[in-house]
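Next up, some structures in structure tokens.
Here come two complexes built around chain A, the first alongside chain B, the second alongside chain C.
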Partner chain A sequence: MPRLKPAVLPFLAAALFASGTPADAYSVFVTNEKDNSITVIDSDTLEVTNTFKVGQRPRGIILSKDGKWIIVCTSDDNIVQVYDAKTHAFVKTLPSGPDPELHILHPDGKILYIANEDDNLVTAVNIETREVITEIPVGVEPEGMGISPDGKVLVNTSETTNMAHFIDTATHKTFDNILVDSRPRVAIYNKEGTQVWISSEIGGTVTVLNAADRKQIGKINFEIAGVAKEAIQPVGIRLTQDGKKAFVALGPANRVAVIDVPTLKVEKYILVGQRVWQLYLTPDDKKLFTTNGASNDVTVIDVDNLKAIKSIKAGRYPWGVVISND
Partner chain B sequence: MKYAVGSIRRFSASTLAMAAALAAMTAAGSAFSAEGASEPAAEPSTVAKDTNEWPCVSRKVLSLDAATIWDGPDISAETEKKWRSDEKVRKLSQYLISRRVPLEEAEAAVKSFAKEQADDQRDARLTELFAAVLSRTNDERKLVLSGIERFHKRQVARAKEIEREGLALPGQGEALPTDAMPAGEIDKISNEQELYNWNVRVFQERQKNIPIACEIPQLMDERAGAIARSIRGEMKS
Partner chain C sequence: MAVRAVGEAATRKQTMDFKVLSDFMHSPDFEVAAFKGVKTTFRNWNGQLRQPLIVTTPKLLVSVSPQPGFLHQTSELDTMGYDKPETKCKAYTQ
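So, the complex of A and B:
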């Protein structure tokens, strides 16, 4: 870990306050898989503002479209839980099917798609009525969930089948299956909906597909001096709003790779905490927060300077992360 | 992804189970002894060759590389040589990696070691200490990894034997729940069926140890990372 010097931050905050234009402060929510809790961090002060208990083994975490709810996969409770994003009070549960791990919301804000790792299914649930709309059979050990910005296509990755399954959200039928490298973990569309990025944990790569015909645009390999190839395990992926940069969490390599999107070249590797799995950008793209499962902390990266600026203690085994819109 | 996790700070039931699992798995191999143990030179890590013998969900990573937890000075061959002949560093590094020692106490020991050093020597000595912690972690890690693989191999052999025994039974390998049987009925079980039931039970009990043991290399890495941060925090360069 680099030695981080957060000393400038209070000065920056004070200066902004004095000028009457406070910095945008977002709430960062981190699920702690082992502690059954969520750590809340202020994105401006970079301090923990609250920690609250949730169901067992919380992993995937997202926001509702209106930003009022945080929606958490509590895997060992075989359910999805909903909490108020402001008060952190429990709101309700949603049926999820067994062992929910990752989920994604349709852009209409109503339909939640949940990967059921143990059942080889994706469950679709209406988050208002709690009605299970359908269960879609997919490959073995489904995990990664991506949805096109227009909501027409859902992508699910299956860890053991090593495939990305493309599902039509109108019919809930799979219309294409693309083989990718071993143990695909995360699938994500770019903002324009033209590309799908898929990370392969054991393959050690990120595959970029053309969304229209599912043909491969490119494949990103990672090499870090002094780090064994097998320790480089890509999982979390995030792209900046302007589509110029992508960040990939590399697991026990303890690095976040910075990718130049137009060329698909790795620009830099940033040393973060141990076993980095997931990451999330603030809505203004100024900061990136990473969950580090083995060092039980969150690393904050300054996106403009591509530097780790602070590590923040979270609960045990931080896993998922999401950031509020305001 | 099913990543099992655990705490290193508390002596919980799971920690004790881990210790038992580790003991069982390393028993057949050479015991690792701190004092007076021969300390092989550090080897560069290589890609795991036979993943079929690796039963853990997490990918097998053969060694913990300095570059994953250390942004301090490079560990040179000279540094490696130095710590091995430095008794203080040898003893302290063994103490630091022991998961029986609470992390707070280990961090205090690092601080105290740093304080004892002359200003112009501090960073070099702390780098030696890190090299020693990493090297010892990797020595112990190697034993644990091979122990997990040996254990898994024995389980595979046991499974094949159980399958063979099962096919020879009238019910073709259906384990009878003897604990739920009415009194008097148990006597009717054949010796072969009893042996089969016993072997299935032993297999299942042992299988439960595998996920627990799979956590051990991760906990070692976690510990080494925490110690590395503590050492690095005492350095000026």
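So, the complex of A and C:
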């Protein structure tokens, strides 16, 4: 072996580490509402690896079922855009109806349901053929979109009507409307499909419904010493796969609440960046990434220790976030 | 805004009864999501709507009040206008 100068050794060591990519390195995609761009972060090194331009006012962001596409609501373009998750190249657009905000994919991976904030509709689109299948009338300012794991029930929340609308995906008809606290923003099913969690931004609460009969199981209130009650605005919700913990983004309270799912009690508040809207867990449930719209950064939370470990600068007004499966 | 307030009260209380709706709308439990993420409520001592104010020039949005840093024991929206201790309004006390 040729002898190396000592000065070269650290570089060689660094190169060796860099090439051995750990299995838990996922790509984190953050939409920047004001910058019309997506920031890509490596979940392992916690560094920004790329920033690329997309359409106007990108908000909701999800992955296709096979993980190959990033599907983004570009609200001010009144369209949904599709990008390649690996190369970040533009793939195609999907028709969405006006002002798409949040969207969710049917578990079959084909049908995309989109909330049209300005038009009081949910639009269903086939992502392969780009065909609009139907438009479902809902309440005023629809936003939150949840779907049962079996794909049979779609839940949409309307910010101004203050209801969760339960839609049968076979008939595309609303079969139940549940009044919740003011300005519901996000609806999400637990992994088993037995509960629906709904955040109310102005009500300052999270309502947990029994999915089978839509009766309330519990309601979570938040109280933080030194923070005005009005600043507690719950929006994003994520549950760990083991069903033990839930994380709720509290907006201008600048905190993420950690909830013990069996008891629905708040365990802890974790200080993050300003006006935290959405959040997403890595597939191994080790890290949680939050979008902080007013401080233009992303906070990384260590899930095992429930501690914020890093703030990463994103673009202006980070809004939505999704993480790749590999 | 008035229609929204009545609609909100009727949806929550599931009644058309004037007294029930009026009492609820003036209670601290009533809130209407009328200004993005800020809840608007009624001052139960003079019926005024607590709402943010947009500060603008003819062409440009300057700021939204209440201004950060002005604190209040009940609602930061009460840092604007005459607050309960200063008011001379007798409408709700006569």
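FYI, the second predicted complex is superposed on the first by the 304 of 326 C-alpha atoms of A that agree within 3 Å, B and C clash if a C-alpha of one lies under 4 Å from a C-alpha of the other, contacts with A are read in each partner's own complex, and residues count from 1 in each chain.
Simple rule for what comes next: contacts are C-beta pairs under 8 Å (C-beta built on N, C-alpha and C of every residue); 3 or more make two chains touch, one makes a residue touch a chain.
Model, not experiment: these values are computed from the prediction.
**Q** With the two complexes overlaid on their shared chain, look at chain A and say whether chain B and chain C clash or fit.
**A** clash
**Q** In the overlay, answer first, second, both or neither for which of chain B and chain C A:271 touches.
**A** In the superposition, A:271 contacts chain B only.
**Q** Touch test for A:179: chain B only (first), chain C only (second), both, or neither?
**A** second
**Q** Is A:317 contacted by the first partner chain B, the second partner chain C, both or neither?
**A** Only chain B is touched by A:317; chain C is not.
**Q** For A:69, is the partner it touches chain B (first), chain C (second), both, or none of the two (neither)?
**A** Once the two structures are laid over each other on A, A:69 reaches no partner at all.
**Q** If we overlay the two complexes on their shared chain A, which of chain B and chain C does A:160 touch? Say first, second, both or neither.
**A** The second partner, chain C, only.
**Q** Looking at the overlay, does A:83 come into contact with chain B only (first), chain C only (second), both, or neither?
**A** Touch status of A:83: no partner.
**Q** Check the contacts made with chain A and report whether chain B or chain C touches more of its residues.
**A** Greater contact footprint in residues on chain A: B.
**Q** Pick one for A:233: touches chain B only (first), chain C only (second), both, or neither.
**A** In the superposition, A:233 touches chain B and chain C alike.
**Q** Let me test your reading of the model: by the given contact rule, A:293 touches which partner, first (chain B), second (chain C), both or neither?
**A** Touch status of A:293: first partner only.
**Q** Does the superposition put A:202 against chain B (first), chain C (second), both, or neither?
**A** A:202 sits against chain B and chain C alike.
**Q** Pick out the stretch of chain B that clashes with chain C after the overlay, from 4-12, 58-66, 184-192 or 220-228.
**A** 58-66
**Q** Once the two structures are superposed, pull the chain A residues common to the chain B and chain C interfaces.
**A** Touching chain B and chain C on chain A: residues 159, 183, 201-202, 228, 230, 233, 252.
**Q** In their complex, what parts of chain A are in touch with chain B?
**A** Spelled out, the residues of chain A in touch with chain B are 1-3, 33-34, 101, 117, 143, 159, 183, 185, 201-202, 224-231, 233, 252-255, 271, 273-275, 293-295, 316-317.
**Q** For a test of understanding, state which residues of chain C touch chain A in their complex under the given definition.
**A** For chain C paired with chain A, touching residues are 8, 11-12, 31-33, 37-39, 75-76.
**Q** Using the touch definition up top, name the residues of chain A that touch chain C in the complex.
**A** 159-160, 162, 179, 182-183, 201-203, 228, 230, 233, 251-252
**Q** What residues on chain B touch chain A, complex-wise?
**A** By the definition above, chain B touches chain A via 1-3, 5-7, 45-48, 59-63, 65-69, 71, 218, 221-222, 225-226, 228-229, 232-233.
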